[in-house]
Amino acid sequence: MYKFEISIRVRYGETDKMGYVYNGNYATYFEVGRVETLRKLGIPYKNIEDSGYALPVRDLQIRYFKPGFYDDELKIVTILSKMPDVRMRFDYEIYNPKDELITKGHTTLVFVKQSTGKPCQPPQNVTEALQPYFS
Amino acid sequence: MYKFEISIRVRYGETDKMGYVYNGNYATYFEVGRVETLRKLGIPYKNIEDSGYALPVRDLQIRYFKPGFYDDELKIVTILSKMPDVRMRFDYEIYNPKDELITKGHTTLVFVKQSTGKPCQPPQNVTEALQPYFS
Amino acid sequence: MYKFEISIRVRYGETDKMGYVYNGNYATYFEVGRVETLRKLGIPYKNIEDSGYALPVRDLQIRYFKPGFYDDELKIVTILSKMPDVRMRFDYEIYNPKDELITKGHTTLVFVKQSTGKPCQPPQNVTEALQPYFS
Amino acid sequence: MYKFEISIRVRYGETDKMGYVYNGNYATYFEVGRVETLRKLGIPYKNIEDSGYALPVRDLQIRYFKPGFYDDELKIVTILSKMPDVRMRFDYEIYNPKDELITKGHTTLVFVKQSTGKPCQPPQNVTEALQPYFS
């Protein structure tokens, strides 16, 4: 298991007229959690792409418990529960400044070779970076 | 059952560097489908809000089968399969110009009274507008 | 001179907690105006890109007179006042449902050859499509 | 004069199919620069709003010199050159990781009393926080 936490600040343009973070923007927050988790593991997403792979999102699920508000500093917890194969699943939990769970979700991404557009096994450096946490 | 179709055109800013519609933007497309469905039924979402109710999203699920591309005219099919109670579920299917299903998902929204912030039954005009399709 | 009008409907996620269209989203509305103008002229932006050119934005200016609101059907007027050379300027006026001018602005775009990344003259089909309106 | 610097990381969804930061997203980056500048000065934007004022954007101008790329850590420099009165002007400069100026712009905001919707002088705590830098 691998778990990583970061904070983001809610931007004005991310709220809607209800005064809440617009529901679709949590997909972006999940992305930030995912990308910073990979960076922390020494396998920045950008490098994965630059080495000829892509990681399109295959499915996304979000449950909303409480609203996020403008200027809130939200804590995003990203969790990897199993070694990736063709698919890589990320779980997310988002907490407000009172440390209440406001949103929970996951995304499944698929490793794809850019040259063929076909699903494939993860590149070796990804496997090596994650191995220590799953044995 | 009630089903409604509209088209939207993919905007440049909705794509990402992979050249695809960014995964989070489908939440916005679902919203457009939902809002135009309610308008067609004679119960515009704006009026529901103006009459003292809110409909925050409780959960969102999206499956991505194929990418959407810049300038594609996408068909959004919105489906109401059951009468709403405190919750109202919308299912969505998005088709590309070749009529291939590219994305599928649903959202569950909750009726909330703005004055109390508490979940509640849908307003009467919503129930009346939908009744003919569910009997 | 060439002038073209289209309507767009303000989306929920485009508003902010002030209840107005977020200021940055007008850049997207301008893009919609520009793209539909080019389509109307028979030179869709997508085709310009597919034929080896890009049209990055060089400058953007927006003045905000009145807010835009959720669900408003806004009228976007796009105006071409002179034949493009290396640069192509678009002026925009956005009107609310009461036909009040709420926003005004312009963008200057630059024709660039994708192969070289260098500014260049517009492709011939663009020049030909516009010629009738500027003589 | 008051000047403040922060960094932001370009998100995937902020890029477009050209592989660049979408032009409209710089308005959001400017907002982040502005908001963090006010926070640094001890007058968080959120507090200004909560004390009965709003600061809608009156005009926005952006010049684009070079593209911003995915995952770039961009430096946003926000500059206040004069004491605000009814209007408050912010200038911005955005630098890429090579320290090249990629974008430059400004926004003018207007102090408005929420109760009347009318332009007004800035609240006293804003004036007091800024005074030391303009004398």
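For reference, chains read A, B, C and D in written order, and residue numbers begin at 1 within each chain.
In the analysis below, contacts are C-beta pairs under 8 Å (C-beta built on N, C-alpha and C of every residue); 3 or more make two chains touch, one makes a residue touch a chain.
As the structure is a prediction and not an experimental result, all values here were calculated from the model.
Peer 1: Farthest chain from subunit B, going by mean C-alpha coordinates, please.
Peer 2: Relative to subunit B, the chain with the farthest C-alpha centre is D.
Peer 1: Tell me the angle, as a multiple of 5 degrees, of the rotation that maps subunit A onto subunit D over the C-alpha atoms.
Peer 2: Between subunit A and subunit D, the superposition angle is 180 degrees.
Peer 1: In whole angstrom, how far does the Cα centroid of subunit B sit from the Cα centroid of subunit C?
Peer 2: Here subunit B and subunit C have centroids separated by 28 Å.
Peer 1: Which whole number of Å gives the spacing of the CA centres of subunit A and subunit B?
Peer 2: 24
Peer 1: If a residue has to touch 2 or more other chains to count, which residues of subunit A qualify?
Peer 2: Where subunit A meets two or more other chains at a single residue, that happens at 12-13, 23-25, 27-28, 31, 70.
Peer 1: What does subunit D use to touch subunit A in their complex?
Peer 2: Against subunit A, subunit D makes touches at 9, 11-13, 27-28, 31-32, 35, 44-46, 70-71.
Peer 1: Which bits of subunit C are touching subunit A when the two form their complex?
Peer 2: Within the complex, subunit C contacts subunit A at residues 12-13, 15-17, 19, 22-25, 70.
Peer 1: Which residues of subunit A touch subunit B once you look at their complex with the stated criterion?
Peer 2: 18, 20, 23-28, 31, 54, 56-64, 67, 107
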